[in-house]
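Per-chain residue numbering starts at 1, and chain names A, B and C are given in the order in which the chains are listed.
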Amino acid sequence: MAVTAASGIRAVASRAHRQEFVAKLLLRSASIFVVVAMGALLLYLATEGTKLFTVDHVSPFQFLFSPVFDPDGRKPGSLVFIIGSLSITLFAIVIGGPFGIAVGVFLAELAPRRFVNMMKPAIEVLVGIPSVVYGWIGLTLLVPLIRTLTGSNGFGLMAAAIVLSVMILPTVITLSEDALKAVPDALREGSLAMGATRWQTIWRVLIPAAGSGLGVAVILGIARAIGETLAVQLVIGNASVLPTGLLSATAALPTEIVIDMAGAQQGSLLEHALFSMAFLLLLIAMLLILAVRFVMRRRT
Amino acid sequence: MVEIPGAVTVKVDVEDLNVYYGAFHAMKNAQLRVSERRVTALIGPSGCGKSTFLRALNRMHDLTPGARVTGSVSLDGMNIYDPSVDPVVVRHRIGMVFQRPNPFPKTIFENAVYGPRVHGEGNRAKLMAIAEKSLRRAALWDEVKDRLFKSALDLSGGQQQRLCIARVLAVEPEVILMDEPASALDPIATSKIEDLIGELKRDYTVIIVTHSMQQAARISDRTAFFLLGELIEVGTTSDIFTRPTDKRTEDYITGRYG
Amino acid sequence: MADAVLTLEAARIQSARGVRARRIADRMATGLLWAAALSVLAMLVLFMGYILYLGASAISWQFLTSPPSEVSAGGGIGPEIYNSFYILIMTLAFTAPIAISAGIYLQEYAQPGFFRTLVQFSAESLATVPSIVMGLFGLLIFVYLLGWRFSAIGGALTLTILNLPALMRVTQEALSTVPRTYREASMALGATRWATIRRIVLPSAIGPLTTGIVLIAGRIFGETAALIYTAGVSVAAGKGAYDLNPFRPAETLAVHVWYTHAESVVPDVARIGNGSALVLLVMVLLFNVFARVVGRFLTRRFTGKA
């Protein structure tokens, strides 16, 4: 449909325009699907996750704060799992957070080009290793190690925390590196030009300047840790008791779900309780997303 | 700031043109009549809005989120900003060459025939003819006729820019907009482009943004001077450079600011 | 704010005292950071070596092709490997059109505004959902609501939703590598936006896009938590384990590793675990290498010539 000068410049319904219309429609529909998927997820999990309260008439207070988990006796207190999840996540981020940020700083500021090019694929492989394999390494390597070093049976908080901290490393490293790379060179040069050493520049100027990006790295590391299921399940010991120390076997929200879901009858109290736990995890995840948005908006 | 065209017709008529980038008022109330088959140069210091003005002439601001254009730009009497007008068709008739040569990562041939292809031309023989015609007119044919199916990215900067010009010529526009087309090129390539512009004006209306006053003096028939988002003065090139009316024009011409 | 930081630091740094102490601190810190980075590399080498060492003895043709056993020793992982690939291909077939389309829309069409923010927020949220939660969602919809019971397609659809955000991000990043001037030149020649995307932008972005897809494929291959309660922990018996019926249970290799350690009662758990871990690791490495190779090849082919 060649257009000649004589045909003026009024809109012409050509094939290209029809294709544009159809393409835009399809692309937009795909985007809407994403929104619908998320909405459906929220809706279904909220519905099923509150059946414990609406259908079985268990009080949310008991669900959240009672340490007694006895679904057969209508006492699905999930405090054990909540505390378990929070503990391992806390320890994982305390170990893995600074470690990951350190490596991220290193890659962004100190490492020679060739080293960085070697680390990148290495980190990609670490990310790609399936969580079951991490769990299996934890099971066959770490747990016996803890057993010989401490005399306990090896399963428990410590094993889970260590496995988790290794698993969140790649996330924290990559995001920290990005955060530091985003700091303008002018700050680097300004600091060095005043006679500051490399480390002083990093510690006093760059890290504060990258603050919000590093915050995001930590928050997303937490998100990864809280949701991790299989690796943790294999090493945490799966005892529905509150942890008393680093070496005690305990359980976490995702691990409890994965263990007991198989035996849960559809419609039973146990099944509802497990869905409530899943819904709780979902709410925590959304909270973390909002935290990320909040941190990003606060950057000066 | 409007001169009587005389025997030459007005091809593009700009009236009350304002361009806003968000809250920033980038072009204020510009009026300009562009004569057919002449070269009109837009000059002025950096940031004066000459590129903004140029881009309003083929509705390129449609592609910039947050940009807003008011006023009218008439091509042969019809306002291209009228709601019933199709920007795609506008761009068939008003073509643009950019500052940095930007051939597509395709063969030379594919670059040259890209315009006709997207307009629906599929006949291989016709496309070859179009390619040859455009490349000849852009003074590039002899240099590339033996390697039409090699990558366009292998050409030198000057050749790439002439390819971009050929690309525009292939859609048979009536007006060619050029945004500092030679600023990224060496002097020899530049003079080739300038010679080409001299040829092109026989068949096309050319509007060229240039930061070089010497270039404007060399190749243009009429010149418009911009400063801080305003069109200050327009006239024949010799008038502007020898007897400017406005003091600000004179200051720029004599080098008071860059 | 940054200027204030610099001024304060200038004052502190200028003091002549403690230059030597600062230099020592600098060297120590550098050393620590090097140590941290090297330990990450060491960890990787350790893991790979460990898996290789333990798993090598378990690998045999028999192991790789025979079906698993429920109670006795000598089970293999043949059907599980098949299921892993089967579900992977199905998942990619569903995810790619939706995610790439949504990515193109966000990157090339969407104006800043409510809809754009909504889609981005949905994608970010989906990305943070733990895979076990996604698995339970799949359980609700495909197993309970639609009544499919454990099925390969249920697992694939669950994984599709799980991976939409990742592939969207890959698409958007790949598209952003294409210089803006290409789009401008194309549209200035009178092409519509879709024509520009189809003819110029997508071909130029195909390298990074494919790399991203293959890397995501690697992650899908290792996915477990979302599949346990959607695709199940068993395989069909006999030849039925290798067919194309999407509505049968389909335990994948990764799920099998977990199942053997968590629930199964066979006596040779260690052997199966070691061998499976090795196979998984090899597959991940292959995906990683393949991703780079294919990406580089496609980039050269689509931006150098045609």
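As a convention for this text, a contact is a pair of C-beta atoms (placed from the backbone, for glycine too) under 8 Å apart; a residue touches a chain by one contact, two chains touch by 3 or more.
Given the structure is predicted, the values throughout are model-derived calculations rather than measurements.
*Asks:* Considering only chains that satisfy the touch condition with chain A, which of them also satisfy it with chain B?
*Replies:* Touching chain A as well as chain B, we find C.
*Asks:* Could you tell me which pair, B-C or A-C, is linked by more C-beta pairs in contact?
*Replies:* A-C
*Asks:* Indicate, using Cα centroids, the chain positioned nearest the centre of all protein chains shown.
*Replies:* Located nearest the centre of all protein C-alpha atoms is chain C.
*Asks:* Among all chains, whose Cα centre is located farthest from the one for chain C?
*Replies:* Farthest from chain C by mean C-alpha position: B.
*Asks:* As a quick test, compute the distance in whole Å between the mean CA positions of chain A and chain B.
*Replies:* Chain centroid spacing, chain A to chain B, equals 52 Å.
*Asks:* Express in whole angstrom the distance between the two chain centres, defined as the mean CA positions of chain A and chain C.
*Replies:* So the centre of chain A lies 14 Å away from the centre of chain C.
*Asks:* Roughly how far is chain B from chain C, centre to centre by C-alpha average, rounded to an integer in Å?
*Replies:* Inter-chain centre distance comes to 47 Å.
*Asks:* Among the residues of chain B, which ones contact at least 2 other chains?
*Replies:* 88-89, 92, 118-119, in rising order.
*Asks:* Which parts of chain A, given as residue numbers and ranges, touch two or more other chains?
*Replies:* Within chain A, residues 16-17 contact more than one other chain.
*Asks:* Do you know which chain C residues sit against two or more other chains?
*Replies:* Residues 191-192, 195 of chain C each touch two or more of the other chains.
*Asks:* Quick check on the complex: what are the chain B residues that touch chain C?
*Replies:* Result: residues 58, 60, 63, 65, 88-89, 91-92, 95-96, 98, 100, 102, 104-107, 110, 114-115, 117-119, 150-151, 153, 164, 167-168, 171 of chain B touch chain C.
*Asks:* Taking the touch rule as given, give the residues of chain B at its contact with chain A in the complex, in rising order.
*Replies:* Counting only chain B, the residues touching chain A are 75, 78, 80, 84-86, 88-90, 92-93, 116, 118-121, 172, 174.
*Asks:* For the complex, which residues does chain A have touching chain C?
*Replies:* Where chain A meets chain C, its residues are 16-17, 19-20, 23-24, 26-35, 37-41, 44-45, 48, 99, 102-103, 105-107, 110-111, 115, 118-119, 121-133, 135-137, 139-141, 166, 169, 173, 187, 190-191, 194-200, 202-205, 208-209, 220, 223, 226-230, 233-234, 254, 257-259, 261-262, 266, 274-275, 278, 281-282, 285-286, 288-289, 292, 300.
*Asks:* How about chain A: which of its residues touch chain B in the complex?
*Replies:* 1-3, 5, 7-12, 14-17
*Asks:* Where on chain C is chain B touching in the complex?
*Replies:* These residues of chain C touch chain B: 111-112, 179, 181-192, 195, 199-200, 203-204, 302-306.
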